[in-house]
Each structure stands twice: as structure tokens, then as C-alpha cells.
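In the part that follows, the structures are each spelled out as C-alpha cells.
Same chain, two partners: subunit A is paired with subunit B first, then with subunit C.
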Partner chain A sequence: MKKWSAIFAPALVALATTAPSSAYAAECEEIVLGSAISLTGKYATNGVHAKNGYEFAIKKIKENGGIKVDGKCYNFNVIYYDDESKGDRGATLAERLISQDKVQYMLGPYSSGLTKAIAPVTERYKIPMVEAEGASRSLFNKGYKYLFAVLSTSEQYLASAVTLAEEMAKKDGKEAGDIKVAIAVENDPFSLDIRAGVLEDAERVGMKVVIDEKLPRDLSDMSAILTKVKLLKPDLLVVSGHSKGAATAVRQIKEQNIKVPMIALTHCEAADVTGNFGDAADGILCSTQWAETLSYWDPVFGTAANYEQEFKSAYPEYKEKKVPYQTAQASAAVMVFMSAFERAGTLDKDAVREAISATDMTTFYGRIKFSEAGNNIAKPMVLRQIQNGEYNVVAPSAFASHGLDWPRK
Partner chain B sequence: MDQILGNIDLLIQFPIVNLKIIIDGVMIGALFALAAYGLALVWGVMNVKNLAQGDFVIAGGYVAWWMTQKGIHPLLGVPAAFIIMWGIGWIIYKLVISRVIERDLFTSLLATFGLAIMMAQILNLMFGSDTQSIDLGYETLHFADGLIDIPISKLIGVCMALSLAAGVIIFMKRSRMGQAIRATAQDARAARVLGIDTEKVYAFTFSLNSAICGAAGAIIVMAWVIQPFYGITYSIRAFVIVTAAGLGNLPGVIAAGLGIGAAEQYGSHIFGIGYQQAIAVLLLLLVLVVRLLIQRRKRQVLQ
Partner chain C sequence: MTRLMPVIHIVLLALVIAAPFLLPDYRSSLSALWILIIVALTWDLTGGQMGYNSLGNIFFYGTGMYVAAVITIGMAYNVGEYTDAAGGGIFAFTPTQYFMGFGFGLIGAGLFCAACAFIIGSVTFSLRGPYFAIGTLGVAIAAGELVSNWEWVGGGQGISMPNYPGEQERLFTYFSFATVGVVLYIFLRWLYTTRFAAAMNAIRDDEEKAEAMGIHTLRYKLVAWAIAAFFVGIVGAIEAFQALHFEPLETAYQTINLGIFMVVCVLLGGKGTLWGPIIGAIMFHVFKEITWNYFLGWQWVALGALIVVTVVYFQDGLMGWLMSKKPEWFGIRVESRDTPTAEAAE
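Take a look at the complex of A and B:
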């Protein structure tokens, strides 16, 4: 096996770098990227969404005349391996991409777990990796120098609701200090990140946290918390507990007739709260990384709506559904590489790493600018409010398609 | 600590909340009692401790949910789940339980544990891991300034649970099969000598248990939410209740079920909802210790 791949891999790279590319730009050379991505296993659905996002961006860049580096023209070509949704497999494949396939630049895998497994490898070989699907904030406190993420980290998921609550209270003539916040999140790393983000923002502007509870893993009844909500009358209720948290919350908020001016959840779509509970879900805010109605724009894809439309015609299997944000952010990761190569003006990987680090660009997916730690600090999370059964973007207000219904009835 | 004191303070400030907590607890407790009664039945008659009890409940919930998706009225899902789960229980008895019934305790525990894992995974493969629930679209009754609220769907569910329990009690007391089941529970060998087909009784008992659980699950999906891996919560409650109340003590099972429901609600109000399950297990420990002390005073041995 080893012997075979040793013979085969250099041949593959040679093939990839010398093969003539498409008709659009026949004279362009190729830059090889590598990615271990989940094509089978538990993350297969989202892994394929991400891969399609990468491929669509590469195709669009090619159609746009490729990447101009120091007067020469290049196109991307990605070597994919299937990590089977397993961390150890992902790390092994990353080693293989780097040491055998001689890949110098990596695109991220799907999920925080896989990114966590691969990042130490790319770090060791000093290979820049731009990832689009790992949101855990624990990825960005390890001092990694070669890891960059275009998406918002998990602690930001509902933090924008705090900002929105503050805006609304000010409009209502109240001070931030008068705002009471209730938090109910599940006891798992992802939801605890969300809680940390909300707590941090609430404390910074001086809001009072009146309820701060952890939901059990097998939650089916949260009436104890909602009773307290009724008694303490918070202005903002934040619930995050995967799809069971969203389903239980929406169901019991209606049953107990809870009147909170602003309610923000995660996983609304996974729990299909509009389909399952109808009107009961109206007025609830749901967080998402991206939505096709946002008015962001870039020269390759145009607006977010353009992206959606063109993606659907390129991948007809998405015709009936919305383009998932996992796909959009994967395309954005490719955009970062393109821009970095053009700005660096060379294929030297350290120069490219510097260029990625200095990225400050607007894409159809939102603005991208990395912090020291490598996470994107310029793109806010998007909040959508369920209005008459539709998910309408209401925040960030500058890019929103609809106004916020406040207070929630 | 501050939060716990604050929560107790709320209970004192708004005494009506105590009533709400008890009502909520009794409503979920009625369903715990139903699952526990089925467990006590199987345990008492066949000496099989069914670790898959909760998974039968969830399976019943999915049967009802699936029927509703197919356009059947949700309330009909309860009898439908009763019947379908009866059949599934019978198949499982013939395939698995009948082979371990004569073996030692450990074998039947292992078999039902395996069954629990299998059922949860099969449900996961068939219906996906998202939570499901049926919205009946009924109103909610509000009392005491809206502090007490009773959704009509929950009320209907609890009434169905009560009538099912009553039906089972009458059946066990009056019918020929009920008598045979009780006789087998008392002494299987004697029952066999006297001409009772104990094999048939076992199959019937296990199917009946499965059907009761199925109906409980169908009620749960109307009033709460289900997910393929929620079985364990109902299994744990059923075991706690049966251990606390003892076998063959139906009023005890009902009282313990309602009591645990209420105690859990109190616990989750005071300590936080994350400790709900811990309260149930803590209560079990307490009951066991108290029983041990009582037995010791009477100079008897624990059975």
C-alpha cells in the first residue's frame, strides 16, 4: 500500500500541476489544495455540502479568468480524501496530503471535531489551512498560527441577540442595566460556548442575568425554567440545546403562554419549529451563519442571492431546498485563498500565510478579517425572525431584509 | 448557592407556584407510573427485569407520530400504538425473551440491555435523530393570573393514562387471563400443575407490558417530545418507582410515580433542571436506605 502510494502520489501531483485545464483559461497553471472531508459517516450530508461549496467556488473563479499571481494565471485544483467522519482518519489523511501528495495549502474538513484533529498536523508542517466548518472557540485559543476560519465562532451564535436587545431597549427608553437576561443552554461544549458568548456580552453592557440554567441531555420538559421566566420577567430569553432544546422550548413557551419581548434559539431549522408548531414559533429569533437574502456583494459571485441562484443551476439536486450555509462558507474559504495568493504575488507558502492573515475583504458571505487567533471577527452572526412561518433576516440591521417585530406578542 | 436560595425565595414569594409544580409533576408522574406498572408486571410474573422498558415507550411514541404523519387523528394514535406495540411485544417475546426467561438474572439483564440499544438505533435509522412531537392544536387553560397553565392536550393524555390504568386493573382482577397471570406470578410451578399454560401467560404478559408502554409513549408524544435515545429516562424512572413501591403493589406504584414526578419538578425548580434525573436516583437511594433501616428494626432480611 505504502509503496504504491509512494510511486503514485508524485505522479498525481505532476499530473495536477502540468495538466492543461479547462477551455476558459487554457494557459493557466494549477495550484493544488488538499482537503480531508467527510464524504461518508455521520457528517456525510454536511461534508458533501462543504465539498460542493469548494468545487463551485473553484469553477466560478476559473470562469472569471483564474487567479492572477505575479502576472501569471492559475486555477485551483483540490485533492480530496474521505475522512469517514472520524478524527484519527482525518489526521492520517492530512499527513498523507502533506507528506506524500506534497500539498502546500489546505481547505478545512467538516465539523469542529475534525478540524481539531487536523489542525495540529497542518500546524506541525506549517501548512496554511483555511477552514469553513469548525466553529468551536476551543480551536482558537491554542495559539495556532496556520489555522484560519471564515465562519463566526460558536460563542457568537446568540451574542448578536444581546446587541439587538440592547438596541431595542434603548429605543424604548430603557438603560442596558435594566435589561434582564435568562439563559438556558445544554451542558455540552457547543452550547456552553454559546452561553459564554451571551454572558460576556451581557456583562459588558451591564445587563442582569436573572436565570442561568443548564439543560439535561435528555430534555423533554423545561416548564420549571419557564415558570421562573414567568415570575422574573426577563427581556431576553436565550435557549440552546440542539433540536430537542428548540422543539421543547417552542412547544412549552406556547403552552405556558410565556411573554418575553425577545426569544432567541439555535437549531430552529433542525427542529423544524415552523412545520411542527406553526404559529407558536412566530416572533422567535434563530441564528444562522449566512442567509441568501443578505445584501453582501463580491465581484466573483455577486450578491448572496446571486450565489444561491447560480449554485442551484450548477447543482440541480439543491433545486427544491435552500442552499445550506455550510456550502456558502466553504466557497468563502476558497475566496480567501484566491485573494491571499493575488495579494502575496507569489506561491511561497509563508508569504501566502502572511497574506491570509492580513485578509480584509468583503464577500457574498460577509466581511472576512482574521484575528490574531485566526477566527473571523468581521462577520456578525445573522439572526432571522420567524414571521408568519417564514425565516426573515432581521439582524445585522444594515444587511437585513425585514424589520424586527418587537416586542414578541 | 445564591441561585438555589433565590429559587426557594421565589417559592415562598409566590406560593401558587408550588401548586403548579405539583400539578406538572403529577401529570408526568402518571406516565412514569404507567411504564413502571408494566415493568412490575413483567418483573413479578416472569422475573425478567426489562431494561428496554423506556425504549418500548419511545417506540410507541414513534408509532403514534408516524400514524399521524399518515393522516390519522392523533388521539387515535394511542389505541393504535397499544395494538401495534402489542404485536411488536409478542414478536420480541418469541424471539428473545422466551429464550432467556428460564436463565439467571444476568442473562435476561444482558438480553434486555441489548434490546434497548437495538431499539434505539433502529428508531434512529428509521426516523432520524431529531425530536418529534404532535401538536394537537388544543388550547391551554390558565389559572391564577396565568401562573398555572394546563394544556388540554396534557389533560387528555393524563385522563387516557388513568383510564388505561383502570382498565388494566379491572382486567387483572376480573378476567380469566388476569387470574392466570396472578396465579403464575404467585407460583409458576403450581400454576402449571393446575393446568395453566404458563408459556401463554408469559407471552401475554410481555405483550401487555409492551402495549401499555406503547400507549404511554403515544400520550407522551402528544404532550411532550420524544427522540430515539430518550428511552433511558423512562427506564430509570420505572426502575426507581418499582424498587420504591415493591412488586405487586399497584397503589404503591401509582403513588410512587406521582410522587417522583412531583419531587423531580421541585428538584428542578430549586437546583436547576439539569439535576432532574439526579433527584430520581437520589430518591431511590433514600428509599433503599430507609427500607433497610426498617427491615433491620424488624430483624428481618431483605429479599
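Take a look at the complex of A and C:
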């Protein structure tokens, strides 16, 4: 009998909690969104983070009473396809979503590369796409009218790392011209723009770039580059290769015992480098689009900290790690759609496109306001350092909660 | 049979023109079929008719894509600025810029690829058999790697093409492909009746003897490959406009996909015939659409099985099989056993 109640009790609780919301949902109609996203292939980790972000936001909006358009109530429903982390597949699936599934609104895929492959397709059919995971500036110079991105562009990811490297070197009695920078990036639109940003900043300050290499295509080995790092002893090492690149970097930096005073990566949280590599990740600088410690707020999710908490209880697999910003910004993209539908007051595609374009809102993820080209120009990036297994914001100074540990041991 | 040929051709042409209107939902699939037909027909020009099995024809496809992109973008903007990872500016295209780029892009891609065939061919045609196959494959792979590290054309980011200015993009691409395909068919039909084709066949059957008979073999080989490269380059160029965005390793120089598919099409249909590659391409396309749609996850296994079965049991492809079963359909007169010739021999 005890056994039975153990099974029934949670089931009853689940029934009790879902019953009212499903009764409510029955009154709401559906707005169908489409997304081709990487569920397999080299971007699978982040593709899943993004999908969870979309789903979590949709669930929260539903619980909050749905989307009110012209007196009627709607909920989002997303059709997903797996793009296998391949551009041509993504483009084909976007076609399929639009022409076969008759999707009128798209959520973005994961990565700049996939967004680059899909954006011209949504443009071809004049389908508004709000994307959360494509940061390369090369996306925003093609004159696309239906592409909107909630995140900050790539050149901002590591700009503060370069500034910090300069400050620290000067403190150490070095001239800017003596600072040596090593860059290792994936050969894709996102990381090439990271590289372009670091090169611009380094040139402006007058630093010397001693290594400028591409990571191999599958991102699983960078030991040859690290051997070079060992020989040339740069003051700043920058690695960008999405989650897989971050994991490879942290693992091999430890294995090869690389000592560089400052190491800056992208995608630390998404790769869960602290959980996977422990101490090896200490002292590494990680750029992030969003941190749960920031003081943003909105009526659906509450504060950034609240978002993290609720997300973790909805997705227990994130319990032991950071909620990656990829998830947060995916939720923010859904918020943009919600707000645009409500402001447009109609489901007409062109009116909604105008409403998205006119967006100026504050969310738990930060402020969102689009430039003419479609990128978000209202939200800063922050830089965190892993200190004793914790991610602490160290730059820019307006958001910094901790001092920088330098040089990295 | 010969009297029926004009009628058959008119019916086929009518089908080609009507197809996108009869099957409006399959326009992009029909375009993809044309790509296969054209690359298979051109592959057979050297592989089937001349006995030089190139695995590097995909080089011309990728190069065609890039040449068309560079010409289209270059006529309107600075290519390096357009492809810069750091973005900057807005690069929009007017309809005139688009169509000028399309026209010059196609011609430029064809001519550039033909020139490449002459240059690469003068080295690789000193190889024979599997060495030629591997040598050309190496060229295609190396080109992909080089382009993916060439920043001026976007490197690993690939290139985005301008969007088609108008509504009927699918029809425009379909008829672009179809025109190239029909022109290629008519051209090859004529070519295969000339002395040039006889020389190519002589090279296939015995290159030493052909040379001994005074055929300048290298010249024939180069011209044949350049013709193939010209058409493949143009198809690549149209595909660049159709794909809108492409990157070097998986889309442009896709050695393991289209680079192999074109050979499979020819093997399926029958080497060294005019219709073999076309029928093979249609069979392969249908097979691919079915497996990629209904057996997803097993599609590569099914494709591998198809290749093995074809190579082991139908080495001459469908056309070869038909030719041995029904030779009279091909104008080959077979004399039966109890004919007077048999008696005369006694």
C-alpha cells in the first residue's frame, strides 16, 4: 500500500498542478513558430540549451495567461527540426518549415553560421525571424529586413579582456607594445568575428599578435597551437570555438600545463568547464551575454536570479551547473515575439514585423532595442572570471562584483 | 525507332517545361534533379566515353559557385569588405546588379572552370586509372581547404549571395538549370556523333594504340575535360544563387556528397551512353528523396548498399543491362543461331 501511495502521491500532485493551467490553455488559440536547431552534431550542446530556453519561456508565458492579441488569448507552439549543425541542412529545413508547415514566424537556430544559412531563406519568404544565438556582425550587413537578434554582437565578447590585459601589463611595468596576444579560433562566422574584434582592439592599443591560428574543424584537438603558445609565451590567450572549443581548450591547457597570465574564452558556462574540469578552469576569463547576478527584471520571469532559479527547478539537469546565457537569450527571443504580437494587436505578418522592429523593452535578460540592421544595441556584455569554481563578474567596472585574479596560476 | 525520335524529344521538352507547373511543390527538388543530371552527363564525358574516372569534378562545381559570387559581389562592392567577419555597412543589391551578376557570373564561372581544367588537366592527365581518380580528388579536397582559409572570400564563414529580386525565384532557378541541361544534352548528342567522340572512345579502349594512330591524346583529354568543367562551373554558379549562402567545405567543395553522387548516378544508369547518366540521375534522385525522407538515420547505409549492389551485380548500369537483354532497341542487329551464316560456317 505504501508503494502505491508513493507512486500516486506525486502523480496526484502533478495532476492537481497541471489541471488548472490546461483548462486555461484550452481557451487560448495557438501561434505556431518554427525553428531548425542543432540537436545533433558539433553544436548539439548549445542547440539543446537554446531549445530549452524557448520551451521554458513558452511554458512561463502560458502559465502567465498567454499572449493577448486584440482581446484574444494565444499560446506559442514551436515546430522543431534537427539541422545536424550543418548550414545547408538548416536552409533546407527552414524552407520546409515555411513552405510545407506554413510557419509564419521563426525562432533562430544555434550559431552564427546556421543563422547565416537560414536568414536569407526567411528573407526570401519575408518571414520575421527573432534569433538569439547568432552574434557575428557579418549577419547584419546584408540589408536583411526580417532578421532580429536579441544578443550583443561578437566583437563585444572579449573587448574587456583586451582592456584588462592592457591594464594589468601596465601595472606590471610593461608597455602596450610589449604585450603579446595569441588567438586560436574556430573557422566559422562567430569565431572569426571574435577574432576580428580582438584584432581591432589589439591594434588600437598597439599589442603584438604572435599567434593567429584556426582550430581544427571538429574542434577536438588544439595541442599543436598550445605547443606554440608554450614557446612564444603570450600575455593573453584568446580561444573561441563554441562549447566544444571551450572544453578542448580547458582540458588541453591543463594537460599541457600551459602558463599564460590571462586566458579568455567564450562559452565556458555552456560547456560547463567548472563541472567537467574542476580546478583546471580556475582563473579563466569567460565572456557572457547575461549573468544571473545582474539586476534586470520583467513581469514574466521576474529578476535574472529568479529566472535562473525557476529554470533550474523546471530542468533539473542544470541543477549542478550554471544556467548558460544561451538559454536565457533564447527565452528573451520568445519574449520579443510575445511583446510584438501584443503591441501589433494582430497576427498580420507585416504588422508584427513592424512591431518587432520597434521593440524597446526591458527583460530579465537586459534591455532589447534593435538597430536598423536588426541587432540589439541596448545590452552590454559582461566578463566573468572563474574563481575557486565560481563565476564572478570582473568587467566592465559598472557590473564588477569581484576583483581580477592576475596573473593566472 | 529513328522516326519516332523527334516526337519523343518534343514530348520530353514539353515535360521539362511543364514539370514545375504540374508539380509546383517540387520545384526545388526538380532543380536538384537537374544538377544531378548535368554533373552526371559531364562526368560521363570523361569517365564513360574516355575512360578517365575523375573524382575531382566537384572542384569545378565549388569553383563555379565562388567565381559567380565574386563576380556578382565584385561588380557592386569590394569583395573583401563584403565578406569581412566584422561586418560594417549595408550591402544591398538592386535588380540590375543582381541580373548583371547572374549573367556575367554564369559565363565567368564556366570560362574560369574550363581554364582551370586545362591547367590542372595538363598535370593530372599524365596519371591513369586509379591514380588519376585520386589525383583529381586531391585537387578538390585541397581547393576546399585553401578556400576555407582565404579570408578575402570569407574563409570558413562562406559567402552570402543577394536575394532574388522578385517573386518567381523557384521558376527562375528551375529554368536556368533546365536550359543548361537541355543545351548540354543537345550538345552531347551532336558531339557523340563526331570524330571527336570516336577519338575519345579510342583513348578509352586503348590509349597507346590511339596514340600510335596519330591521335594527340592529351589535347583530346584536355578539351573533353574543359567542356565538362565549363558546364559544371555554370551549374555551380546557378546553385550559388539558389543556395543564397554557402560555405567552402560542406556546400561548395562537397567531395563526399555530390562529388560521389555524380559517379553513382552514372554507374546506376550505365557508363558511356548518352541516356545512362540521365536515367541514373533520375533513379538516384528518387532513391535519395525516398531514403532521406522516410529512412532518415539509415539513408547513408541504404546509399552504401545501393552502390555495392550496383557495382557487384550491374556493372554496366541499367542501360548496359538493357543493351544486353534487348539489343534490337539500340539498333544492334543480332543474328539468331539458325541463320544462314551459321550454316555457311559449317
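Here is the rule we use: the second predicted complex is superposed on the first by the 236 of 409 C-alpha atoms of A that agree within 3 Å, B and C clash if a C-alpha of one lies under 4 Å from a C-alpha of the other, contacts with A are read in each partner's own complex, and residues count from 1 in each chain.
In the analysis below, contacts are C-beta pairs under 8 Å (C-beta built on N, C-alpha and C of every residue); 3 or more make two chains touch, one makes a residue touch a chain.
Quick caveat, the model's predicted, so the values are computed rather than measured.
> Mind working out whether A:229 is in touch with subunit B, subunit C, both or neither, as first, second, both or neither?
So A:229 meets neither subunit B nor subunit C here.
> Would you sort A:263 into first (subunit B), second (subunit C), both or neither based on which partner it touches?
A:263 contacts neither subunit B nor subunit C.
> Using the superposition on chain A described above, determine whether A:332 touches subunit B (first), subunit C (second), both, or neither.
neither
> A:36 contacts which: subunit B (first), subunit C (second), both, neither?
neither
> Is A:220 in contact with subunit B, with subunit C, with both, or with neither (first, second, both, neither)?
After superposing on A, A:220 lies in contact with subunit B but is clear of subunit C.
> So, A:272: does it touch subunit B (first), subunit C (second), both, or neither?
first
> Could you look at A:121 and tell me whether it touches subunit B, subunit C, both or neither (first, second, both, neither)?
second
> Please indicate which partner A:142 is in contact with in the superposed arrangement: first for subunit B, second for subunit C, both, or neither.
second
> Should A:255 be classified as contacting the first partner (subunit B), the second (subunit C), both, or neither?
In the superposed model, A:255 contacts subunit B only, not subunit C.
> For subunit A, which residues belong to both interfaces, subunit B and subunit C?
187, 214
> Across the complex, what residues on subunit C touch subunit A?
Touching subunit A from subunit C are residues 25, 28, 82-92, 148-149, 155-158, 160-161, 163-164, 169, 243-247, 249-251.
> Please give the residue numbers of subunit B that touch subunit A in the complex, ascending.
Spelled out, the residues of subunit B in touch with subunit A are 3, 7, 10, 13-14, 17, 20-21, 24, 28, 130-133, 135, 137, 140, 142, 146-147, 149, 151, 154, 220, 224-227, 229-230, 232-233, 265, 268-269, 272-274, 276-277.
> So in the complex, which bits of subunit A are touching subunit B?
Listed in rising order, the residues of subunit A that touch subunit B are 184, 187, 212-216, 218-225, 227-228, 230-232, 243-244, 247-248, 251, 254-257, 270-272, 276-278, 280.
> Mind pulling up the subunit A residues that touch subunit C in the complex?
86-88, 91, 95, 99-100, 113, 116-117, 119-121, 123-124, 136-143, 153, 155, 186-189, 192-193, 195-197, 200, 214, 217, 373
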